[in-house]
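For reference, the structure discussed in these notes is given below.
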Amino acid sequence: MTKGERRNRGSKASQRPDGPAWRVMMHDVIFESDTPGGWAFDVALLLTIICSIVVVALETLPGYTRGGLLYGLEWILTILFTIEYVARLVCARHPWRYAFSFWGVIDLLSILPTYAGVFFADSKAHSFVILRSIRLLRAFRVLKLWRMMDDADELSQAIWKARHKIIVFLIVVLVAVTVSGTLMYFIEHDLPMMLADDPDLVPPSKFSSIPQSMYWAIVTMTTVGYGDIVPQTTIGKFISATLILLGYSLIIVPSGFVTAELTSSTRTAADPDAPRCPRCTSDGHRKEAVYCDRCGERL
Amino acid sequence: MTKGERRNRGSKASQRPDGPAWRVMMHDVIFESDTPGGWAFDVALLLTIICSIVVVALETLPGYTRGGLLYGLEWILTILFTIEYVARLVCARHPWRYAFSFWGVIDLLSILPTYAGVFFADSKAHSFVILRSIRLLRAFRVLKLWRMMDDADELSQAIWKARHKIIVFLIVVLVAVTVSGTLMYFIEHDLPMMLADDPDLVPPSKFSSIPQSMYWAIVTMTTVGYGDIVPQTTIGKFISATLILLGYSLIIVPSGFVTAELTSSTRTAADPDAPRCPRCTSDGHRKEAVYCDRCGERL
Amino acid sequence: MTKGERRNRGSKASQRPDGPAWRVMMHDVIFESDTPGGWAFDVALLLTIICSIVVVALETLPGYTRGGLLYGLEWILTILFTIEYVARLVCARHPWRYAFSFWGVIDLLSILPTYAGVFFADSKAHSFVILRSIRLLRAFRVLKLWRMMDDADELSQAIWKARHKIIVFLIVVLVAVTVSGTLMYFIEHDLPMMLADDPDLVPPSKFSSIPQSMYWAIVTMTTVGYGDIVPQTTIGKFISATLILLGYSLIIVPSGFVTAELTSSTRTAADPDAPRCPRCTSDGHRKEAVYCDRCGERL
Amino acid sequence: MTKGERRNRGSKASQRPDGPAWRVMMHDVIFESDTPGGWAFDVALLLTIICSIVVVALETLPGYTRGGLLYGLEWILTILFTIEYVARLVCARHPWRYAFSFWGVIDLLSILPTYAGVFFADSKAHSFVILRSIRLLRAFRVLKLWRMMDDADELSQAIWKARHKIIVFLIVVLVAVTVSGTLMYFIEHDLPMMLADDPDLVPPSKFSSIPQSMYWAIVTMTTVGYGDIVPQTTIGKFISATLILLGYSLIIVPSGFVTAELTSSTRTAADPDAPRCPRCTSDGHRKEAVYCDRCGERL
């Protein structure tokens, strides 16, 4: 199935707008990608999005002032995205349905913040911070990239197929995190206090509360290991080393589970280069196969 | 096999309690989950458990005082769990067997600490700390989640199947950790002392003892890498970089082993969409299979 | 297919240079590795490269002075590599094509810096730093190792086969990094300012800009976790713990994907120990196979 | 093949010592593990080894003094290991061959340090440090555990099978580490000096030399991420984030490779529960198989 075929499946002829020819053509350019025009539009949009993400990121660096090069670029990009948004509204078969769809809302949210900036005075620091925070929403334009990836379908399906495994994995991790966090809170925070003559003299532990200990457990169990919270006592180090080993042994099982799921789903997937039986049209044969393994026809 | 079938397998009709109809019905609601009532009970219990975990965690944050909102919630949740515990005792076929079972003990331990708090005076700091530590036991209610996960069976089986691999993996890691820890202790702690003119002037190493070095080795080999203990000397950095590379190469083998085990077990597992033979009821065929691979019947 | 066969495939007889016998022989020694001479040349080159890498690395250690042992070694190695470069130019069938090929440029770049050093006076600190930086190019001689690895072919093919998966993986990571980075910048940098009475009194956050936050997100999502940038606020810790868990669940899917791709490609690869059919010379049978699965001949 | 059979394969009857019956029996107890006596000896040895490792580790903790409980335990364990060593020498068929075998040397090295301690006076600090370092050799007794693991065979075979992949993996990592290390050294150490007006005023970089940068690259690429060396400049952070992503994408390929290798080797391995054909004795059938897939015999 080529890229074009797959796209067409998603946007059947019935979704094409009625009306004059230019509207139909515009629709094909914007919503389809199997024509030269549609492909060029997609590439241009991709570059514009990447450019806008870079601008949003650079604006947060110290030294950014309103009115410079970045400010100009921001307006140019916003106007381009506005034209795109209006064009999509104009040529969509159901403009309202598009406007309230997930991508329609993302498209709108990515142009509003710049216009909103005009109506705010920069005199007060608070309103400036709020304004800039709203502007950050434009970074979510990056989600548009998703729409452009054909292979993302396959990945989404893989994640969707493995969703039960991922949920079980998350629950297992959460249970382990709760138990580990509570245990380490007891050992690093409560135990030294119990053993001390004067609890007030015990130096404060980094494991100051259970939520903090659970944050430590998540950071540790996923092997991120920042090192901002580490056990100080000998018993704490011993228990945490044990928890790390147990957690590591535990965590490779769900990882392997997901891999196994994907391996079995890949196995049944058709290889595009594999010979197809001319009689029964079954595929999935080995490349070197000579006879069809279903009907015995010579390939 | 549907969810209901699997549950019934675990709790056969013979395990249903004798006695009046309300007791049997109550048993079905509490111990089964394939009736609407049983399912609603499970969901309610799940929410209550999550709620109680959050309360336990928030109570350890600074600023918690007895008598506030959290304290009230704690009592409400404890009373709910008490009712559940009594109900389970009442409608279980063998109340004593339930009381001393793993889940029965967990159920009891999760309600006792709150009641115990009544008999402790908060006047002395030590008793307060001890009391609060007992209260932490309630966090282990989270283990009840296990009972609710159908997919957890599959994960448990996978871990059980891979247990030999996991044990070998743990032993390999322990051997590697002991050897690495001892080696690094020698290089970072003893070697600078040997080479120095006056051993007393050598600054203290972070690798202060073999247990400490083994803690470093575990944190490093599992790629957690806190950074609280790092080699300081050039030779120490060289050896530790070598150990990291060797450890990494070594550790992907058991991980791959577990994955391979799971892949092979997934392969033989029945795919729910796979065709089932109408004559011999064997399943596990490929989706595109035309004849049963056991008895030759046309599918 | 033996090592020699594979090599020959790449350098067919037509690529052998014309001219006197010594030129053809020299070509075989330098460009082939299936003769004793060619193999010895490869091993000698390998050792020289490793030696030169060690010299380049040691020269950057403090205490290196021009004129010592390392300086002498540098000149000896450079002269050896010059001889090799000239020899390759002389006996290549198309000297210019070699000179402008990837490996030809690498070969030239690895000898130039030492000669360039003669024409620079060390009087000024800047020119010294620039000179030394050019010298670092010699470290890229290590890339020559690639040419010597037969198994690297297999790895390159595996990476090439999995390239779409890797690109999708990188795009997914980049999207996740942009979204996470922006979110954490808002929560750790902007939110405390918004909530504070006087934004100027808020201590500076480590998440000082979006690029910095994206750096944090990459370091975290790949589980490297340096710990130089960590969330300070409670809400920041909560969000980052959630992002870590989501990121971890997400990241095992593409990893498993690559593994699945490789598993399926390994499956069809020929096992050297597997029986080969004497009639049709097809291989890839199971070890315990009795009949050829292509032509039915008894193995 | 049961545990006993496998053991016997390694120690054939011809390796049994000649001589009186007690010597043969003692040989069976010490070198075999398929008799009750042999099994008990193995378990006792295992516990003794673990105990001795714990003693070695605890002796390095501050507060250890010669003459205490640990010192006594050290002597008891050393005497037990001496008896074991002498017994092995006595009942081995070729005592000298055992004495110079790998395990024989390990056995000897694990008892010598304690005896050596008697001949050293503790008066001088240096000799004390040297003595203690020799004592650390006893920690390598843990390697004896290897001999006791039946499953370790399988793991060793898996590592042996995947050795080419692991070597390629290590070479790829070394090439990547050399290139990354040199690049980061240039960007973090040389570039700021080049751009500065006065190179002497540039604060010293953590990337002080190429070996140091390569240590950083190894720590980063294996996702350990201590955080003792982190990029300080903006361009350094950008490059290192790119290197992390590339390195991560690169590193999952060899990991997947090893897993794929193991998956394919597991697939052909015989399942002990699988039915064996009574006619042709081929195994490896699916559990639910009814007919032999080689000769068609009903199982």
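Remarks
Labels A, B, C and D are assigned to the chains in the order they are written; within every chain, residues are numbered from 1.
The rule is simple: contacts are C-beta pairs under 8 Å (C-beta built on N, C-alpha and C of every residue); 3 or more make two chains touch, one makes a residue touch a chain.
Everything numeric here is computed off the predicted structure, so don't read it as measured data.
Under the contact definition stated at the top, the chains bordering both chain B and chain C are A, D. Counting the residue numbers that touch the partner chain, chain A and chain C have less than half of them in common. Comparing the chain pairs C-D and A-D, the larger number of C-beta pairs in contact belongs to C-D.
Overlaying the C-alpha trace of chain A on that of chain B calls for a turn of 90°, given as a multiple of 5. Ranking every chain by how far its Cα centroid lies from the centroid of chain B, the top place goes to C. Once the centre of each chain is set as its mean CA position, chain C and chain D turn out to be 28 Å apart. Taking the mean of the C-alpha atoms as each chain's centre, chain A and chain D sit 39 Å apart. Annotation for chain A: residues touching 2 or more other chains are 211, 214, 223-227, 254-255, 259, 261, 263.
Of all residues in chain C, those touching chain B in their complex are 223-227, 259, 263.
Of all residues in chain C, those touching chain D in their complex are 53, 56-58, 60-62, 125-126, 129-130, 132-133, 136, 139-140, 142-143, 145-146, 149, 151-152, 154-155, 158-159, 162, 166, 169-170, 173, 211-212, 214-215, 218-219, 222-228, 254-255, 258-259, 261-263, 265-267, 286-288, 290. Taken in their complex, chain D has these residues touching chain C: 164-165, 167-168, 171-172, 174-175, 178-179, 181-182, 185-186, 189-191, 193-194, 199-200, 208-211, 214, 220, 223-227, 230, 234, 237-238, 241, 244-245, 248-250, 252-257, 259-261, 263-264, 268, 282, 284, 294-295.
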